[in-house]
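Look for chain A in each of the two complexes below; its partner is chain B in the first and chain C in the second.
Right after this comes the complex of A and B.
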C-alpha cells in the first residue's frame, strides 16, 4: 500500500467522527428545520401535516401584526444600545484601571470579574428575584423606604427592556473590560510621554493614541460580542418570558419569539420559518465579516 | 508640591470610585448570600441589611438534604464528564487533520463550519426534539450528551485546530524521522504542546454543560433526571411560590464549583476566548 493512500485513509478516519457528529446534530437539524418551515406542522397536525410552501415566510415578513418584524426591530435596537453602552463604559473603566499609580488594580479586576465567573442563568435568576421581584426585590424595598409606590419592574415593555439591558451589561461588561484592559496594556508608554510633552490633553491622547492602538486588537472580540448580543436569549427569556411565569411585558427578541412559537403556542412550521430567517440574517452578516477578514489579510 | 497633593486627592477619589463600583457590582450576589443565611421571617421586615439577622444554616440544610440537589449534582457531573471526554475525543483527531493535512474540500468545510457557528443551537431545538423522539432518545442522558457534544463540536474543532496551527511542523518531522507513527506523534508531541488549548476547550464545554438549562428542561421530565441547572430552574422563587432563602442558598451552592474553576483557570479562560475565538 503506498504512503499517499495510507495518509488519505487516516485523514478520513480521523475526521470522520467529528464530521458525522456535526452533520447529524448540526447540519441535519437545520435542514429539517427548513423542511418543517415549509409545512403547517402544529399540535393539531403533528403527523398529518402538509407542505404549504412559503406561506409561513409570508406571514412572518408581510403580516405586520405577526410580531416577527417588531421583534426584529427590538433585537436590532437592543444590539445597538447594548453595544454602545458596553463599549463606552468598558473603555472608560479600562482607562481608569490603567492609571499608573492605582495600586489595588488587581483586587478591583478580580472583584469585577465575578459577574462573568458566575453561571449566567443563576445570576439572571438572582437579579430577577433579588432585585426586580415586586415583593422582596431590593428595588422595591428601597422604593418603600423612600415612601414611593412599589413597581412591577418587568411588566411593561420599556421598563423590561431597560431592566434586561442593565442585567445584560452586568453580565457582559467584565469580558469587554478585560479585553480592553489587555489591549491598553500592550500600548508603549513612551507614546503617552511624548504626547504629554507636546501638551496633548486626555481627549487628544485618547483619539490619537489609545483608540488607534487598541481597535485592531479588540476588533475580533467586539464582532463576536455583537453576534452574542444579537443572539442573547437567556436574559430576556429568564427575566420576562419564562413559561408559566410571564411578567406581561411584550418585549420580544427574535430568539425568544421563535422559542415561544415553537414551545408555547406550538406553531412549529411558523417558528421554523422564523428560525431560518434569523439564520439567513446571521449568515449574511458573518459572511460579510468573513470577507472583510479575508480582504484585510 | 501642590501637584503631588492634587495627584493624591485624585487617586483617593479613584479608589473610592472603584470600591463603590465593585460593591455595586456585587450587590445581587451579596444580597443572595445574606438572604441564604437568614431565617425565613426576617425577610418580611423591610429594613434590609447585607448582614443576615437571625444567622442560620437552615436553608443550606434544606437545599442539600431536602431537595434532590445531590441527585442533580451527580447527573450534571456525569453528563459533563462524558460530554467533555467525547467532545475532545472527537475534535482533537479531526482538528489535527484539518491543521496538518491538505486535502480536497478542506477549505470549503472550514468555511462552512464558520458559517454554521453563527447558527444559534436554540433555533433547531424543535427539529432535534422531533428527530430524537422516534429514536427514543428524548428524556435520556444519551440524548442530552449527543445534543451537547453536537452543539459544542464546531467550537471544539475550531479552537483546537487554531492552536495546532501555531505549533511548528518541524517538531513533528524530527519525531517522524525516528519512525514515530501518526498516533504516537499526536499523543506524545502535539497534545502536550497543545495543552492550553485542550484545557480551554474542555473548560468551555464543561461550563456550557454546567450552565445549560433550556435543553435540560425541555428534553428531560421527572425531577430525578434533572441537571443542576434544570433543577435550580424548577426551584426558583416566582412572584407567587417558592422560598427565596432556599433558592438563594441553592444558587450559591451551584455557583461555588463554577467560581472555583473559573478563578483557578482564569488564565485559560481569557486566552481561550480571545485567541481561540472563531477567526477565519
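Right after this comes the complex of A and C.
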C-alpha cells in the first residue's frame, strides 16, 4: 500500500464516525421522508402503507395555490427584512461594544446575550401576552396613558408582520452580535491606527477595513441565519396562528401555511411530499447562493 | 491495550443498543404500567392513591405529556417508546383506532363491568361499534358568573337577555360577559343552539350551513362586546381579576376562581330566543385507553388496573378532588357527589351537551372552524362567503386525509 493511499484510508477512518453520525441524523431523515412521500401512509394506512409513486406530489402541487404563493412572497420579504435589520443592528451594536475604553463592556454583552438564554417558546409567549395583548399588554397601557385608543397589534397583516419581526430580532440578534463582535475583535488594531494617521473618518474606516475584514468570518453565520429565518415557524405561528389563539392576521409563512393545509390531515405521505418540495425550494436558494459565492471568489 | 479497550467499548455499545429493541422478559416489567396523561395534579393524585390501595402489586407510573396526541402519533406503535395506557378525551378515539394502536376495552373487562356506566359516556368512547376507552369522568362548559357583579336574579335566561346585560355592563375596561369566542370548542355551543353542527357522523362538514350562518351572524353581536383576544389566558384572567361579570368556561376554571376568592355562581346555559334551544356545548369524556402492545404483552396487569378503575370509589374521589362528573352512575349514590353543586351542574348541562365527534375527520375541523371564526369575528369578513370558503377547505382537507 503506497503512502498516499494509506493517508487517504486513515483520513476516511478518522472521519467515519462523524460521517456516520451525520448520515444518521441528517441524511437518513431526509431519505426516509422522501420514501414516506412516495407512500399512502395516513390514518387509514398506518401500518399497512404501500408505495403509490408520485401521487402525493401531484396533490401537493395543488396546495401550492395562490395562498401558498402569497405565503412564499411573504416569507421572502420576511427573510430580507429580518436579515437587513439583523445585520445593520448587530453591526451597530457590535461596533459600540468595540469602542476602546468602553466601561462595563462585559455587563452590556451579558445583557445583549440574555434573550438567547431564554427558551424561544417562553420569549414569544411573553411578548404576546406581556407586550402585544390588547387588555394587559405594555404597549396598550402606554397608549392609554397617552390618551390614545388601544390597538389590536396582532390582528392586521402589516402590524402582525412588524410585531413578528420585532420578536424575531429580539431572539436572533444575540447570535449575530456575538459573531460580529468576535469578528471585529480579530481585526488587527494597526490597520485602524494607520487609517487614522491617514485621516480616515469612521465611515471610511468601516468601509475600507471593518467590512472587508469581517465579511469572510460572518459569511457562514449569515447563510445559517438566512435559512433559519426562511424556514422559521415558531414566531409567526405562536404569535398569530396558534390553534385556539388566532389573532385575525392573515400573515402566513410557507411553513405555517403548509401546516394548516397539509400537516393537520395526519396524512404523512402527503405531508412528507410537501416537506420535500419545500426542502427542494430551500436547496435551490442555497445552490444559487453558493454559486454566487463561488463566482465572487 | 488501547485497541482492546476501544473494541470492548464498541462491543458494550452495540450490546446496549441491541438490548433496546428486545421485549421485556423481566416479570417485574410485566407488572409495570406507564400511563401518559395531560390532566391536572388533583385528578392524577386521586387516581394514584386509589390504585396504590387497590392494586399494590402493580407499579403504575403516571407521566404528564403536554402534546400527548402528537407524541402518540409518532411512537404509538413502538412498544419501547410508547406508554401502556393513556388518559385523554374521547375525541381522538377515531384517529387512534384507525391507526390501529388502540386495543378494544370490553374484552379486558369483567362481564357486566360496564353496566352502571352512563350511556352517553359509552357511546362517546365507542368508534365503529367498538369501545376503545374506559370512561372515567366527563366535563362540559358551564355558564359561570361572579356574584359580586351579577346577582342571581340578573343571570340571563336567554341569549337576548345576555346581550342586553352585556350592552349595559361593558365598557371602561370591564366586560359583562367574556368567552373564547373565536375557538371551535366554544363556538360549537352557539352553532348547536341554532340547530347546526360542525360535522356529522358521515363526515359531512357543516351539514346545515344555514343554521351555522345564522349562529355566526347572531354571535357577532356578542363578539363586538368582548375583547379581541380569544385565547384562554386573556379570558381566564379577565374573569379571575373581576373585570368580567360572567363567562362560559370548563370545570378546570373552578379551582382558580375559588382560589381568587370569587363568589362563583353556576347557572344553566341561556336559551337562544330565535330557536328555543339552549346553548349546547361539546362534552368531553375523559377516560383511559389501552395500547395494543400492552394488551398483548401485559394483559394480566392491564386487566387488574382496569378492574380497579371500574370501582365507583375512583369516580367519587375524582369528583371530590376536581369537581368532574363521574361516568359511573353508581358514584351519584354517594351523598357528597350528589350534593356537589358543580358536579350536579355538569351532569345537568351534559344532558343538553353534544359529545365531541370522535371520527378522524374531526381532527381537521378544529382548524377549519377556527379559521372561519377568525375570518368572521376578527377580520370582519362576510359570514356567508367565509362559511363557503370554510366548507371548501374542510372538504379538501378531509379528502387529503385519505
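By our rule, the second predicted complex is superposed on the first by the 207 of 297 C-alpha atoms of A that agree within 3 Å, B and C clash if a C-alpha of one lies under 4 Å from a C-alpha of the other, contacts with A are read in each partner's own complex, and residues count from 1 in each chain.
Quick note on the criterion: a residue touches a chain if its C-beta (ideal position, glycine included) is under 8 Å from a C-beta of that chain, and two chains touch if they have at least 3 such contacts.
What you are looking at is a predicted structure, and each value in this text was computed from that prediction instead of being measured.
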Partner chain in contact with A:44 - chain B first, chain C second, else both or neither: second
Which of chain B and chain C A:126 touches, first, second, both or neither: first
Touched partner set for A:265, first chain B, second chain C, both or neither: second
Chain B versus chain C as contact partner of A:136, first or second or both or neither: both
First (chain B), second (chain C), both or neither touched by A:182: first
Partner, of chain C and chain B, that touches more residues belonging to chain A: B
Partner chain in contact with A:59 - chain B first, chain C second, else both or neither: second
Common interface residues of chain A - those touching chain B in one complex and chain C in the other: 129, 133-136, 245, 262
Chain A residues touching chain B - in the complex, by the definition given at the top: 7-8, 10-11, 14-15, 17-19, 21-22, 24-30, 32-33, 36, 93, 96-97, 99, 101-102, 104, 108, 110-123, 125-131, 133-136, 138, 141, 144-145, 170, 175, 178-179, 182, 220-221, 224, 227, 231, 233, 237, 245, 255, 258-259, 262-263, 268, 271-272, 275, 278-279, 282-283, 285-287, 290, 293-294
Contact footprint of chain A on chain C as seen in their complex: 73, 77, 95, 98-101, 180, 182-183, 185, 227-234, 237-238, 360, 363-364, 366-367, 370-371, 373-374, 377-379, 397, 400-402
Chain C contact footprint on chain A (complex, rising order): 42-44, 46-47, 59, 129, 133-136, 152, 155, 242-248, 250, 260-262, 264-267, 270
Interfacial residue positions of chain B with respect to chain A in the complex: 7, 11, 14-15, 17-18, 21-22, 25-29, 31-32, 35, 43, 46, 48, 89-91, 93-98, 101, 103, 109, 111, 113-128, 130-131, 146-147, 149-151, 153-154, 157, 182, 207, 210-211, 213-214, 218, 229, 232-233, 236-239, 244, 247-248, 251, 254-255, 258-259, 262-263, 266, 270, 273-274, 277-280
